[in-house]
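In structure tokens below, several structures.
Both complexes shown next keep chain A, but they swap its partner, so chain B is in the first and chain C is in the second.
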Partner chain A sequence: MKLRKVEEHVFLFLMRLSALLIGFALLAIIWSIFSKGLGSLNWQMISEVPKGGYYFGKEGGILNAIIGSLYLSLGATVLALVIGLPIALFINIHLSKRRRLVNVVRLILDILWGVPSIVYGAFGFTVMIFFGVKTSLMAGIIVITALILPIMIRSLDEVFKEVPMGLKEASYSLGSTKSETAYKVYVRQCVPGLVTAVLLSLGRGIGDAASVLFTSGYTDNIPTALDQPAATLPLAIFFQLGSPIPEVQNRAYAAAAVLTIIILVISILARIVGNKYQKNKIKA
Partner chain B sequence: MKLSDLKISRQLRSKLHNKWMYLCFAVILILAPALLFGLYIKSAPLFEQNGFSEVIFSNEWKPLSGKFGFLSFILSSLWVTILALILSVPVCILTSIYLIYYAKGFVLKIMHPIIDILAGIPSVIYGVWGILMIVPMVSKDIAPFFGYETTGFSILSGAIVLAVMIIPFMLNILIEILRTVPEGLIESSLSLGASKWQTIKFVVVKKALPGIVSSIGLGLSRAFGETIAVLMVVGNVVQNPTNVFDAGYPLPALIANNYGEMMSIPMYDSALMLAALILFVIVLIFNILSRILIRRYEIKVA
Partner chain C sequence: MENPKIKVQNLNLFIGKQQILKNVNVEIPEKKITIIIGPSGCGKTTLLKSLNRLTDIYEDINVQGNIFINNEDILNTKTDITILRKKMGLLSQRPYPLPMNIYDNIAYGLRISGRKQKKYLDKRVEHYLKQANLWDEVKDRLKSPASALSIGQQQRLCLARGLAVDPEIILADEPTSALDPISSQYIEEKFVQLKEHYTIIMVTHILRQARRIADYVVFMYLGEIIEQGTAEEFFNNPQQEKTKAYLKGLFN
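After this line comes the complex of A and B, so read on.
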């Protein structure tokens, strides 16, 4: 009898410890990035592109990487939305009676979600070589789109799944076509969920390094056209960290702090919008 | 007149949208087979030249003389992944049970954002954290404690970083799975005089076992393909690791480190695409098995 109690207490202790460990891990990550990075972060870092001798510790900043990352991830997010939104609507409106097919499609999407980004990157690189395309903003955008598309569709899908059947039937009975129902009822009903899905995809797009390593190249300039290479923040961190010069390494830490701040802002925004969505949801 | 115009344009819009929708749908269905096919086409020459078993089970990695043996990369990947799972699975299972059955409201309010933010942190940031905190810790504290000497750039560092990375991912799945255990089942166990812990041990865990297994499978496939974070802390030395303090060279790191040279050495591109293919196939197998096992729960697995 007593042993039972002791066992429960031991495990309860272990459970609390595990939860604490997870919290501690997040604190440790944020603390170590910020304590090391914020020190070398200054206005010049985020407002200038690398100047001559930058990679030996001279003047300049990482504006090229910040802008490059924003271009890449925004472009990819827009593209993923344009392709993903119709698919998510298609699954939930046109295929709503064919549950088996929908389940298979969801399985495929979930599996695509699990494909490592390096595989997308390597595949993209091969295709680019095949067609003789050089590393460019466009190639990076396409690969990141492929990477975030499953995320986008599945998050949208989860949102549309919650739309009550009655709403759709009401819309049909008023004579609207399926696409009108899709955009004027479903999308409007789900705007907050849509924003969350977009933010989720955006965060993933900004942070991914392995896929753009091969495809978008790296440059000290801010790209002005789609066929130019583009620098990205994760790669700026990765490359500068590989340098033996301490100043350059410190800049890598500063760049890491910038990226962390961007990701934190996106996470918090997504959370705020998500909470709002919980309040506005119409229950079936 | 005006009304009929409007009607045509509405129908037309609907039709156009349908076309676009079918096109997008086809793209997403084709994506996975295209990946598989493309990688296979590119890596097939290596098999034809060197033979399957030679490529997979040989240690010899000398790209310049045309010798591509993947064994040490595959072993490194396995070491890092399995060690990461050993570190993270107990934490995930304990935490998920705690959050569902024991934790009070305010703990949940703190833990959910923590898990979300951990899940959103990019892998390169995990890598930087690994270099700043885990690598020195391994070389100064953990390795000497066990009587080893290491620079810290080792399998263990990679596994620790990886473990933290896959915790939010597995934890979210486990939470969703535990939520599907019927309330009635738990209540009947409690009403028969079982303690809360006994109920969890004998009823909840038993009921959720397939889900727990598949969450581990999904964690494994996620860990297996993780590139940048592991690459930054694992040391990247081509060798068969003999203990966790050795440096390793997992498959994704191989691809990421060498793509620059792959066009200048014959067959090197085939070899790297084969590495990508191996990764893809392993991830695919574990993903499909886990997803099928998990499907009857009808939950959101993200």
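After this line comes the complex of A and C, so read on.
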């Protein structure tokens, strides 16, 4: 009896320790970004594009990268949702009786999830050379879509897997078709999980530098059409951090702070929207 | 039996290699309450679910034989399965409302059948909620989520939802097992009223419940039909030894 109590305490301690470690790591990252970056963060930085000599510490801002990142990641997330939602529903509803095939599909998606983003970038670049396409917003959106599609599908898939069988039976018993069951019942039941899937994909898309390096390029201008190149925040951080000038390095941290704030704001907004629909969810 | 509503002939059902239903032959009378009774795991629920082909959605299920509903063999028909299912309402062991508000739960079945005029829907929703004795409790909060209702209310909502697609048959799979005694009694009383218009088939393992409301009884044991007949014959003059033992409570 005594031993079981000790065991209980040990595991409780381990759990608290790991929670503490994760919390500490997160705070450390945020602190290092903001402590180094806040000094350089000002209105000019987020409202102007780089002027001549910006990369040597002169006037200008990173509006080009902020807008570029938003265009790329939002475009890619919407595209990935439009493609990924029907696929995830198809796997769970139309293929629900073909478990072996579904397992193979899931394995492939998991492997794709693990492929490093530079591989997607290089692959996209090869295809672009083949078709003679230049670096552009469009190319960047397509490559990021390919990068986040496995994340989107597998996260949605995990959410749809949890729909209780009884709800499926109830829907079919009312005479629903498979599509009606998918889009009127499954999607409504899974709104909070859907939000999580979208956020995971968006987070990966907006934070990735390697996949857009060759495909969307970099520019000091704000793109006004899909065939123009686009700057991104991760690359803005990368280029500025590589500078020997301390002032420019601090601007890299300020750019990182901007990226963090954008992700935070989008996450909170999405949670609020998701929670509005949570109340309809039927508990298993 | 003359003109049975449902006629099951030589039904064999396998899940993988395991045989769940063994050569089942059943006739179910129209506008009566038929109770399928038997110990847990005897295949009652599986038999019920094969009647509206919910068995289709499970993996590795193999069904052989014939099930005639209104003289149409639903296992070998070209009729769209969704049309067949609309003829049958289902009440499951625990209620599963749809993930939407109370109003939409009832309107769902009508909407997917193409009835979308708001006036018509309003009238029908009220009608079926009244039928299920739920109207007075929810009329002021039709737009609040169905998940917020109590389990007893949810089961009545599911009944109303099932009736709203205008079925001929009600399939009920131990519909009172998750409910409190008052809600259970209500469902039983409602079934007795509803049999005037609907053919009701209810699975239960509660003998007393069967005695209270059954017109016709089907007794199953280990995937086989042991005995079937009118409630009077079944309870007062059982023919099979197994039935006699079951009625005496010798096994459950």
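One rule holds in what follows: the second predicted complex is superposed on the first by the 238 of 284 C-alpha atoms of A that agree within 3 Å, B and C clash if a C-alpha of one lies under 4 Å from a C-alpha of the other, contacts with A are read in each partner's own complex, and residues count from 1 in each chain.
FYI, a residue touches a chain if its C-beta (ideal position, glycine included) is under 8 Å from a C-beta of that chain, and two chains touch if they have at least 3 such contacts.
Fair warning: this is a prediction, and the values are worked out from it, not measured in the lab.
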item: Partner chain(s) touched by A:26 [first = chain B, second = chain C, both, neither]; value: first
item: Dominant contact partner of chain A by residue count, chain C or chain B; value: B
item: Touched partner set for A:96, first chain B, second chain C, both or neither; value: second
item: First (chain B), second (chain C), both or neither touched by A:185; value: second
item: Partner chain(s) touched by A:172 [first = chain B, second = chain C, both, neither]; value: second
item: Partner chain(s) touched by A:164 [first = chain B, second = chain C, both, neither]; value: second
item: Chain B versus chain C as contact partner of A:251, first or second or both or neither; value: neither
item: Contacts on chain A seen with chain B and repeated with chain C across the two complexes; value: 177, 180
item: Parts of chain A lying in touch with chain C, wherever the complex brings them together; value: 96-99, 164, 166-177, 180, 184-185, 188-189, 279-283
item: Of chain B, residues touching chain A in the complex; value: 10-11, 13-14, 17-18, 20-22, 24-25, 27-29, 31-32, 35, 38-39, 42, 90-92, 94-95, 97-99, 102-103, 107, 110-111, 113-118, 120-129, 131-133, 164, 167, 171, 195-198, 218, 221-222, 224-228, 232, 252, 255-256, 259, 263, 269, 272-273, 275-276, 279-280, 283-284, 287-288, 291-292, 295, 300-302
item: Interfacial residue positions of chain C with respect to chain A in the complex; value: 49, 52, 54, 57-60, 82-83, 85-86, 88-90, 92-94, 96-101, 108-109, 112-113, 145-148, 158, 161-162, 165, 171
item: Touch list for chain A against partner chain B, complex; value: 4-5, 7-8, 11-12, 14-19, 21-23, 25-26, 28-29, 32-33, 36, 83-84, 86-87, 89-90, 94, 103, 105, 107-123, 125-127, 129, 146, 149-150, 153-155, 158, 177-180, 182, 200, 203-204, 206-210, 213-214, 234, 237-238, 241, 252-253, 256, 259-260, 263-264, 266-267, 270-271
